[in-house]
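One chain, chain A, appears in both complexes that follow, with chain B as partner in the first and chain C in the second.
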Partner chain A sequence: MPASKSSVEVLEKIKKLVGQDDYLDSYEDRLCYSYDSTIEEAIPDAICFPGTPEEIAQILKWANEYRLPVIPRGSGTGLSGGSVPVRGGLVMVLSRLNRILEVNEEDFYAVLEPGVITQTLSDEIARRGLMYPPDPSSMKSSTMGGNVAENAGGLRGLKYGVTKDYIMGLEVVTPTGDIVQTGTRTVKTATGYNLTQLFVGSEGTLGVITKITVKLIPAPEHKESVLAIFADMGQAAQTVADIIKAGVVPATMEFLDHTTINAVEDYMPTGLPRQAGAILLIETDGVREAAVKEIGRVEEICRKNQAMKVQKAKDEAEREAIWTARRSALSALARVRPTTILEDATVPRSRVPDMVRGVREIAEKYSIPIGNFGHAGDGNLHPTILTDERDREEFARVEKAIEEIFDLALRLGGTISGEHGIGSTKARFMEREVGPSGVAAMKRIKDALDPNGILNPGKMFVEGGGHL
Partner chain B sequence: MEFLNEQLEDIVRCMKCGNCMSACPVFAVTGREAMLARGRIQLLKAVMNGRLELTDGLRDVLFTCLNCDACSLSCPPGIRVDELMRAAKVELLRLGKPLPEAQERIRCGIERQSNPFDQPKGERGAWLPPELRQPKPAKYLLHAGCSISYASNRIGKAVIRILQKAGVDFTMMGDEELCCGDPYVRMGDLEKAEALRAMNKAAFRKYGVETVVTPCAGCYNAFKHSYGDSVKPMHIVQLFAELIEGGRLQFEKPFGKKVVYFDGCDIGRHSGCYDEPRQVLSSIPGLELAEMPSNRENAACCGGPLLGSHPDLARRIAAERVREAQARGAEVIAVACPTCLLNLKEGAQSAGIRMDIQDVTTIALRAAG
Partner chain C sequence: MPASKSSVEVLEKIKKLVGQDDYLDSYEDRLCYSYDSTIEEAIPDAICFPGTPEEIAQILKWANEYRLPVIPRGSGTGLSGGSVPVRGGLVMVLSRLNRILEVNEEDFYAVLEPGVITQTLSDEIARRGLMYPPDPSSMKSSTMGGNVAENAGGLRGLKYGVTKDYIMGLEVVTPTGDIVQTGTRTVKTATGYNLTQLFVGSEGTLGVITKITVKLIPAPEHKESVLAIFADMGQAAQTVADIIKAGVVPATMEFLDHTTINAVEDYMPTGLPRQAGAILLIETDGVREAAVKEIGRVEEICRKNQAMKVQKAKDEAEREAIWTARRSALSALARVRPTTILEDATVPRSRVPDMVRGVREIAEKYSIPIGNFGHAGDGNLHPTILTDERDREEFARVEKAIEEIFDLALRLGGTISGEHGIGSTKARFMEREVGPSGVAAMKRIKDALDPNGILNPGKMFVEGGGHL
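Showing the complex of A and B:
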């Protein structure tokens, strides 16, 4: 988008405000901030790195005056186009606000700035014998601000919940430049509208998060892990259902499908049987006796459902080895073909076998390899499409396949996004899930907070825009 | 335009997942996407898609890469980023793009004076004892390298004393020693690198050299990967480890300090030599060996390759490493690379941190009495 006279003017003011060391506008830099972890791309006019909430407020005030789009960004590792500047404008990187301000070990909360890398927070908390449970796979690179904006999930979702369950309060700069405090440091609150939960998952469209108060819990004293191999996906799915019915809620229940198992064996042979239909990786945690008892029940249930093999980790090293298989799933799949597209369609747990079968049928119908793995315990699967973006003909089939995957999830009573968000890539599908009145209600809130539509435009509500 | 055709598959594979962020030492201190594997790969992709010309901006960004290759370890599709960065620099030169100033100075230096510092050729061997200034036939060649010859003599002198004490028969090229060619490779001038290598190989043949031993990790990496079968390459710590095992090198004087061994990239991740330096240090009485938080294959670069062109950045990266060692209670950081030695010292000094940084060889000399 060519810079208009007024955008040149406002960008000059912003550059002066943040200082030239924290302002980029060379063509090469603008290219570098044109993407996130999707195939969505758009070049911004400039990039800035503000240092304080006050600077951010001033930038947003000017943005309203000059109608300059502003796109908040953490690490740019989102999976729905949330930080891609699809309408041009100014990318506002929050990385300078990266301090952990307080860890309160008595009242079990921490206060931090949005640019803190999630792994850094998790490590700092763990040092004090506490736990911040949400563990999105991107956590070594992604920021807490990004996690909050996208309501990031992770492997521990079933037992521990996701990001939204751990946000007690926020400091947010509204799109019109007001600094607002939401929430509390107390366990309970009943004061006014629940603005905290409005902003969580708002994907940078309702405000810029500048402080986060997170809830912490005691770290579990003990963990047990089991790897179970099944000839048939249905048996694995039944196992998952039976485990929950037996009153056991493991911290993690992950599965890998046949395609994924073979990709993992190609990448890093560990002796997983290639003909297996599914693998379950299950971890229990908590008080030692409970974790041990629960994993015992898990083993029993796996065997009851004809698991070909059930392997309980004897020690830390074996636990690590078991989880390496899950952690390498994406790496393994990413090596099969040049372009890897990670989807996120989620269904109720009981419909997981139908979803897995349905995805396999879609893959066959469009002749595209799709590996399926993910959080069996909460129904949040990651159908992973393996393709080549340069092959326009195949890519057209990929787009159709993805649309069918969304429709399938919705038919099964699910959601088009379990944890990656809507952004620009799924905006045109949102109405299928929430209906026109749902979209309209959200839009009224958006318009109330951002009357000039300057904060992260082109996300959530796009009419037929975006790629996938 | 033909550009990086061979590396096309690697470039396309980039998922933009950003895993490299957690591994890149340059990104860690700058927070700039252009100074990250992901950013650089996307810029190369833009060139291939015709969206970016071979600009100075692109070139400059490629030359902020340390070539440490830590990013490749974290990359899900397994892109060999270092290879890609090197290939890109070769392409830029091939397509007539002038080198950045600092690299141009290095190129001229090697051409004129056989060393990247442009120091007088004739003075290369000035630090050597007279009997080692001229080569003689021998199976072992001690290659000091440019850094040690012109900047860090102490390391060279320590190595000579130890080898002589251990009764090792070796020769040195002395005044005739040439650069190993690695700086040429780093800037993409493969032709000049090959020419230099040919001269070095001719010298090896002339003197019947079978093994080249060097205390310079950069040279070791070059001899190991770019010289084919012409010689057996050894880093000096590997020879020391052998001598210790054979009882020919013994440590009498204790070195009662807590020492963190720093895995430099050229000796470590690029060449796989992790055990021998630790063996040498562990053999020293009184020495308590500790580890950096990320070590061996996962060690973080000291930032040294940027000292010549981006000194501020290099020092900031080094300061991080020194802080990490300090947090481990280290009193000494032991290195096996003259670039690490120099840059870690610079980093410590610029950050106002008191830390003793020494080469393994000088620690060994002290302990050998």
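Showing the complex of A and C:
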């Protein structure tokens, strides 16, 4: 979208406010901020790097006056198009707001700015014997602001929850330029509406996050890991069900399917048997005695379900080795074809076998290779479509396959997004999950807080339906 | 407020819809629904007991047309005036919607109607080896709908969280009569705005809850309890801090102050020493080995902090006996004077000693007896004001004392409500916590979803400021 006269005028004002060094508008720079980790692309009019909440408030006031779209973003690692400027406008990068302002070891919270890298926070917290549990796979580069905006998940969902479960309060600049403080630094609060959780996962459509108060917990004193290899997915799924039934809640319980195992072995051999139908990677943690007792139960249940191999890590090095296969899953799959589309359809845990089977059938029906891996404990799967977006005929089949995956997840009582968000890629499917009255209620809230629709337009709601 | 002609007309329609047996409007009946567990009182025009979400939707559509206030309620055990019809209108009792529709033992969730009593749910879940952790003191009579509407807390906040942490999804009838499904039955979801958490704690001002999906967890296999008696509150507070510092997160960690201990001994002697400054009641739970190891650490830390007595329960009977003092705290305090006002100001855990000391000073300043007990682990205190509301001079001092307690909690980084909500009793103080921009954002959401302000008017926002 070419910049209009009035948008030139407002961009000039913004450039003056943030300063030349924190404003970009060359074509090359605009290209750099035109994409995220999906295949969505759209070129913004300009990019700014504000330094304070007050600057952000001023920018949003002008944006409202001039109807300029503003797209807040962090590192752009999103998987649903959340930070892609699909209506053009101003990309607002929060990377300068990157300080950890306080870590309170007595009251178990930290206050930080949105540009802090998730891994940096996690390490800083771990050095003090505490833990910030959410661990999205992107954590080495994603920002906390992005994690909050998208309600990022990770491997520890079943036992520890996801980003939303650790956000105690926020400072948010609303689309009309008000600075709002939400939540508290206390474990409990029942004061007013839960604005904190309204902003968490709102994908940059309701406000720009400028401060985050996260809840911390004591780090578990001990961890135990097991790798279990199964001839078929059914046995692995039964194992997961039996573990939960035994009252054991592992910190993580990951699975890789046959396709993913073979992609990993092609890419970075870790000695997994190529004929395996599935592997499970299970970690227990907590008080030493509890973690040891629970991993013993896990091993027993794996064996009872005919695991081909059950390998417990003897030390930290072995634990690391066990997890390598899981960590390289996406990179390995991504090498197979030019385009990788990572979905996050999620179902109730007991429906994981139905979901895995259904995805396999969809892959066969459309002749599209789909790897599958993910978080077996919380039912959050990552069907990973391996394709070539330049092949229009194939891509049409891919779009149909993805649509069927979403419908399957919903039919099984699940959700079209467990942890990536709706953004532009899933906007046209959201109504299938939340219904017309759900969309209408959300839209009313959007319109109430952003009357001119300037903040991250074209996301979540159907008028923004873009590519998959 | 006398019923206007148009309100007579709409009430007639509603009476016809729900049927004579589920509609009340005699003066005696209206009196029965004029109060909750605060000292707030206001008489409604009528009471109805709808049987289905569809009936509720129809009633709300009419209420919108005729501008009739509608006040949804459960058992009326609320502690902030949430269910008191301060603007008159129709009280809508959800007690007929009292079925547990599903308990899913594989996927750890249950679906139920709002009229289910919290204890009934808890017992039903426990029989299956699972746990619904929130345990508000009112759980024997309060309903799940009320718990959700007020985001009820309880004793297990630190380790297990509160009601909001266990609500996965809701069915809600909006003030304009739409039936909305929110959330999922999966552990993770990132689809659209978190309407679920917007409705949780919204105190019946944004919608009528008609179905609730709660998250369940495996019941801990073992529990251990300790009673520790301290000469002064400082030692007890240091003990709490040291336990947390040691990485132990007890399931509950309750305290009773000197005033409360003596009220309990007057009411139902349990053998607590009357000179004690404070007692702590601590429970650890989880895998047997972990609970045992942790209670050992707890005992050690209590002794290190000069506890006068540290008594570990040897069996279930002793465990029950230990908890009797805590359970009878409020009843014991309530016997001291004609009027009992139970507050729930909450501070970060490390500020509990400052808060306890400050409340004691406020009690002295205004010559008002204030007992203090509550949840030391999560900083959620229950300063309990013992007074006589008929004594206007004294009650004026009480109102000042309460205002100072709120301001003290805020000064210490806390919240004016940890678990009771704002309702009508704290409406005029909410802005002190969330600021004018926070109130404005909440009000915009209220107006967006309830354009005619028919649902539970006079609550949360300042125009509804009533008694304390």
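In the analysis below, the second predicted complex is superposed on the first by the 466 of 468 C-alpha atoms of A that agree within 3 Å, B and C clash if a C-alpha of one lies under 4 Å from a C-alpha of the other, contacts with A are read in each partner's own complex, and residues count from 1 in each chain.
Basically, a contact is a pair of C-beta atoms (placed from the backbone, for glycine too) under 8 Å apart; a residue touches a chain by one contact, two chains touch by 3 or more.
These numbers come from a predicted model, not from an experiment.
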{"item": "Chain B versus chain C as contact partner of A:419, first or second or both or neither", "value": "second"}
{"item": "First, second, both or neither for A:289, with chain B first and chain C second", "value": "second"}
{"item": "Of chain C and chain B, partner touching more chain A residues", "value": "C"}
{"item": "Which of chain B and chain C A:437 touches, first, second, both or neither", "value": "second"}
{"item": "Which of chain B and chain C A:49 touches, first, second, both or neither", "value": "first"}
{"item": "Chain B versus chain C as contact partner of A:452, first or second or both or neither", "value": "neither"}
{"item": "Partner chain(s) touched by A:311 [first = chain B, second = chain C, both, neither]", "value": "neither"}
{"item": "Footprint of chain A on chain B - complex, ascending", "value": "9, 12-13, 15-19, 21-22, 31-34, 39, 42-43, 46, 51-52, 55, 57-58, 61, 74, 76-78"}
{"item": "List of chain A residues in touch with chain B within their complex", "value": "24, 26-29, 31-33, 35-38, 49, 75-77, 93, 95-96, 117, 119, 138, 140-142, 330-331, 334-335, 338-340, 388-390"}
{"item": "Partner chain A, residues of chain C touching it in the complex", "value": "104-109, 129, 150-151, 153, 157-158, 161-162, 164-165, 174, 178-182, 184-195, 197-198, 200-202, 206, 217-219, 221, 241, 244-245, 247-249, 286-287, 289-290, 293-294, 344, 346-351, 375, 377-380, 413-422, 426, 430, 433-435, 437-442, 444-449, 460"}
